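Each of the two complexes below includes chain A, the first together with chain B, the second together with chain C.
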Partner chain A sequence: MAGGTAISGARAGLIALLSPAYLWLTAAIFLPLSAMLFFSLVTELPFGGAEWAFTLENYRAFFETPTYATLLWKSVRLGLIVTVVCLLVGFPCAYVLAKAIRGRAREALFLLVILPFWSNSLVRIFSWAIVLRGNGVLDLGLNALLPFEVDVSLMFTTHAIVIGLVHSYLPYVILTSYLALQAIDDNLIDAARSMGAGKPTILWRLVLPLSLPGLVAGAVLIFVPVVGAFMEPRILGGRVGTYYGTVIEDQFVAVYNWPLGAALSFILLAVVLFILAVASPMLKRAQA
Partner chain B sequence: MTKRLICAAALAAMAGAGAVQAEEIRVLNWQGYGTDLDWAVEAFTEETGHTVVHEYFNSEQEMLTKLRTNPGAYDVVLINAAFTPQAQEEGLIAPIDKEKIENLADVPADMAENQDLNADGELYGVPWTWGLTAYAFNTQAFEEAPTSVEVFWDEAHEGRVSIRDDALEAVQFAAIATGQDINDISDMEAIEAKLTELMPQIKTYWGSENDWNQFMAAGELDVATYWSGSASRSIASGLPVQFVVPEEGAVGWLDGLSIPESSTKMDAAHAFIDWMIDPEFYVKWADEGAPASANAKAAEALPEDAFNRQVLGDPEVVARVQFQRPVSDEDREAYLALWQKLKAAQ
Partner chain C sequence: MLARLGKVWLGLILVFLYAPILVMAAMSFNASPYYQLPFEFTVEWYEKLSENRGILRAAARSVGIAMVTTVIATVLGTAASLALFRYEFRGKAVLRVLLFPPIAIPWLITGTAMLVFFFGIGLGRGTPAVIVGHVALALPYVIVVVTARLATFDPTLEEAARVLGAGGWTVTRRVTLPWIAPGIIAGALFAFAISFDQFVVSYFLSEPGDSTLPVVIYTAIRKGFTPEINAVSTLIIVVSMAVMLVAARFSNFGGER
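Up next is the complex of A and B:
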């Protein structure tokens, strides 16, 4: 039948369009993740005839060693701080880009926002290290300008970690908020203003709720990687730069205890999913 | 060297009961650690016809895993003496045929008969290089050279010291500071207390030699633990630092070259190891900054003022060194747990 062929043709088309992405996701995410899940449940890596057995010991280690919980909490707190700072800095910027300026100026400003994405993250962090360290660019620059001596040594502090991470992840929140803000009809804002709403009211009752999906998307995109961050804290944080991601990395790289590293990673994944699950109804309610 | 390698090649020919074949040997080592120097590999290929391919590891555990999982893939492997017994017990490495390594005669008995490199009367690792983990200080920060590890706990240097981010090194460093045997630590509480006191003094941990050099060059640190081989390179590159073997003692390590049990190119592997402990190779390597050679002839061939001769050639210094023995898995895990706990508390 002619109709039947058209439908199956359409379905074939859909499958052809979807399959590259889903095959890629299966190969690149699902398979390694399953392998990691498997590793997290064994006593020994099953390579080269090593004897191994299934065990929950790796997960128990997390609950038996208070260090891991301390660090996980420290990482979650870092994730929250970085996310909040990114939102506070990024949202006004996105608002200006979306609503206040037009044309070439906007293109130029947009370029500046995306610029960090063009450089390797390690390069960005090392640049910060050069700026922030004692006798570094910031220190020398301020002392050249100011008539009195200041000693700015932010390097190897939590502040340095937050600065570096905010710089790395700020574009996410700007981009997602920008898209959400642009979708707000300017007529709505005009209507509110014509009915006598002040600027704070417009922001609070209209702009923020309507752009919330963008803010939430940006927050999630930042929070999840920052909780697992280990490279930035180590380079910028020095002595105070030990986080949950650091101990996971240690297990994989230094100690070669993949099963424990995998178990710690899955606990992190579970905690992040739990936080997102708790946060999502709250955000939905705020949006309604 | 020419004569020796020809000898080795001739021996190889006899043992192989056939013509000398040019073979490709695969070497497993840390990256940039002597065996992969271009000129050294080229000279070896020129003499013997054998070519050399390298593969690298980032930790001893990774090296052991690679040996376990890829039988037949490697012909020469660098194993720290503290790990040789484990590799030998697991049957991963073969006994060395001492006859095939002529330069072995110049390795002093205390190294060649090292209890970790030998098992059941057989040699399982040819002593190659050794060195110390002690500390180095920034000469601009001190008027008088420190001689004790206590300088790390001196409040005058608060926030200006660094140790490596490594559980074993941290614990053994504290063992030396508390006057304990690094291979038989009896008082872990003293170690924990000593390290807890040390933490606020630390500016940052260092990970690699490159890190270390950068922190020192930027003037961030007054004093930091360091490896002797790296110190010789840092000094050679012009950093204002000086290496100290503290009066309390220092941690010594010995690296050996072994041949995997599964290697199919034993003769070429022996020839390569022989070249690696050859004084001719070592003297040239020492120019670029090398750890101390296990070959006494090689050490003697160094110029009078060479770092490895000046600092490590002093018998009084050597007497203070505690050589690292194998560390059991339980101890290793206990050290790591302690180190992570201390770091997490910061």
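Up next is the complex of A and C:
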């Protein structure tokens, strides 16, 4: 009997501690996502006594209007470009941090690399607008240094968007690669070297395979938000900055076609979940 | 040779990461409203900022929302971490996985989903809706950070206290909480930073004319920007970097996130 009360007491404690957090997540994340699926399947928002009916029209709009599919592809391509650039730039940097620098210097440099990532992303994109605009700092600086006149107005180009997004997400890939690289035993590398493996062999056959989970984790963490980016293309892209994310933004803040916006959001969510599912075996290995 | 090249690379990346921020900060002290060089020092833009009621109100609202979010997310998150640490039960793995969606799903999707749902249930837009959203985004981070700290806690200490006659709440308050306090402080600072810097979800959930600082800045940038925006942006960067430096001291910065 006494054991029974102890167990039910423990159960009550468990529920009391756990339920507030998870109820909150349910009300603010999981129910909204489910509701969005519902809203994507109706003709009109069922508020204020409006007439509404179930329809697949919003999804048909996606498949029949090539604009949306084209923009989704444009966003996916942007995601791929930014991810690849971040990997190429970030991995060597993580390698240097993890293997070539020791002690307090490493800690300080690591913190310095990660810090901007925790500051306001909007403000950092704005700072690039100051640097890249025509007659901006980059323009003036280069013309002051170079003997000939150059015109680098990168602002309102795809390059500007890529630069801004790489700046925003580079710390992700440095962080995840660094953690994976740190887990590689230096003795393993020494052993390979003493058995005659050259630097390229060690990199290809040892370091890269062992740090692959970290690279995949970083790639996913970059690719997913970039596909849904809208603020960065708006500020840095101007007229060329129309992407899938900006179209969704428009449905909610300018056009007020919420059912279509919900359907477009849901299609994006499907793409995101597909990518997470493909990457998840790799991510599980990264966690282990 | 290669190692030196690597260090140069690292240096270049640091320049890439910090140069635009420093340029933005410098321009907030430059006299020309059109960002013209040569540089001429002034604090005019900060003075203008201190008279700009719209931005000041938005800043006050942002700080208020961040503080409320911090308190709620830290309390709920710490409680949930304790439960996940102390009890073995079916479905625990699922609950851990459920922390992932708020982090992994793009904020554009979460934000728009919250907007339609909150309208559906009559909460609508405005500060309460923003707080509900921010807490949900911050909770998983608090749980991850506090759980990481709990992993270093020896559960036999709780048992010992219980054997010596301490009740459940006393054990938590006198034994467990003091040990994980650095984790809780770090989690709270993370929550503050997430809320204070949050743009996307605030953008969809706040009422026009009643929005947070990042939303006001976004609107201003799209209208055409002024050094005043540089000034307020510089202040924001300083605040959030300071918060994160303190958080890094309290958590080991092993790389949650």
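Throughout what follows, the second predicted complex is superposed on the first by the 243 of 288 C-alpha atoms of A that agree within 3 Å, B and C clash if a C-alpha of one lies under 4 Å from a C-alpha of the other, contacts with A are read in each partner's own complex, and residues count from 1 in each chain.
The rule we apply is simple: contacts are C-beta pairs under 8 Å (C-beta built on N, C-alpha and C of every residue); 3 or more make two chains touch, one makes a residue touch a chain.
This one's a predicted model, so the numbers in the text were calculated from it and none came from an experiment.
Of the two partner chains placed around the shared chain by superposition, chain B is the only one that A:Thr242 touches, whereas chain C remains out of contact.
In the superposed pair of complexes, A:Phe156 makes contact with chain B only, with no contact to chain C. Between chain B and chain C, it is C that contacts the larger number of residues in chain A. Contacts of A:Ser75 after superposition on the shared chain: neither chain B nor chain C is touched. With both structures placed on the common chain, the touch criterion links A:Leu17 to chain C but leaves chain B unconnected.
After overlaying the two complexes on the shared chain, residue contacts for A:Val137 are found with chain C alone; chain B is out of touch.
Touch criterion met: A:Phe47 reaches chain B and chain C at once. Once chain A of one complex is fitted onto chain A of the other, the partner contacts of A:Ser211 are absent, as it touches neither chain B nor chain C.
Taken together, the two complexes place residues 45, 47, 133, 135-136, 234, 253 of chain A in contact with chain B and also with chain C.
Residues of chain C touching chain A in their complex: 2-3, 6-7, 9-10, 13-14, 16-21, 23-24, 27, 35, 37, 76-77, 79-80, 82-84, 86-87, 89, 95, 98-99, 101-102, 104-110, 112-120, 132-133, 135-136, 139-140, 143, 168, 193, 196-197, 199-200, 203-204, 214, 217-218, 221-222, 225, 229-230, 233, 236-237, 240-241, 244-245, 248, 253-255, 257. For chain A in complex with chain C, the residues that touch the partner chain are 10, 13-14, 16-18, 20-22, 24-25, 27-33, 35-36, 39, 45-47, 89-90, 92-93, 95-97, 100-101, 109-116, 118-124, 126-131, 133, 135-137, 140, 167, 170-171, 174-176, 178-179, 199, 220-221, 224-225, 227-231, 234-235, 245, 248-249, 252-253, 258, 261-262, 265, 268-269, 272, 276. Put simply, chain A touches chain B in their complex at residues 45, 47-50, 65-67, 70-71, 74, 133-136, 155-156, 234, 237-242, 246-247, 250, 253-256. Listed in rising order, the residues of chain B touching chain A in the complex are 58-59, 61-62, 65, 68-71, 166, 199, 202-205, 207, 218-220, 332, 336-337, 340-341, 343-346.
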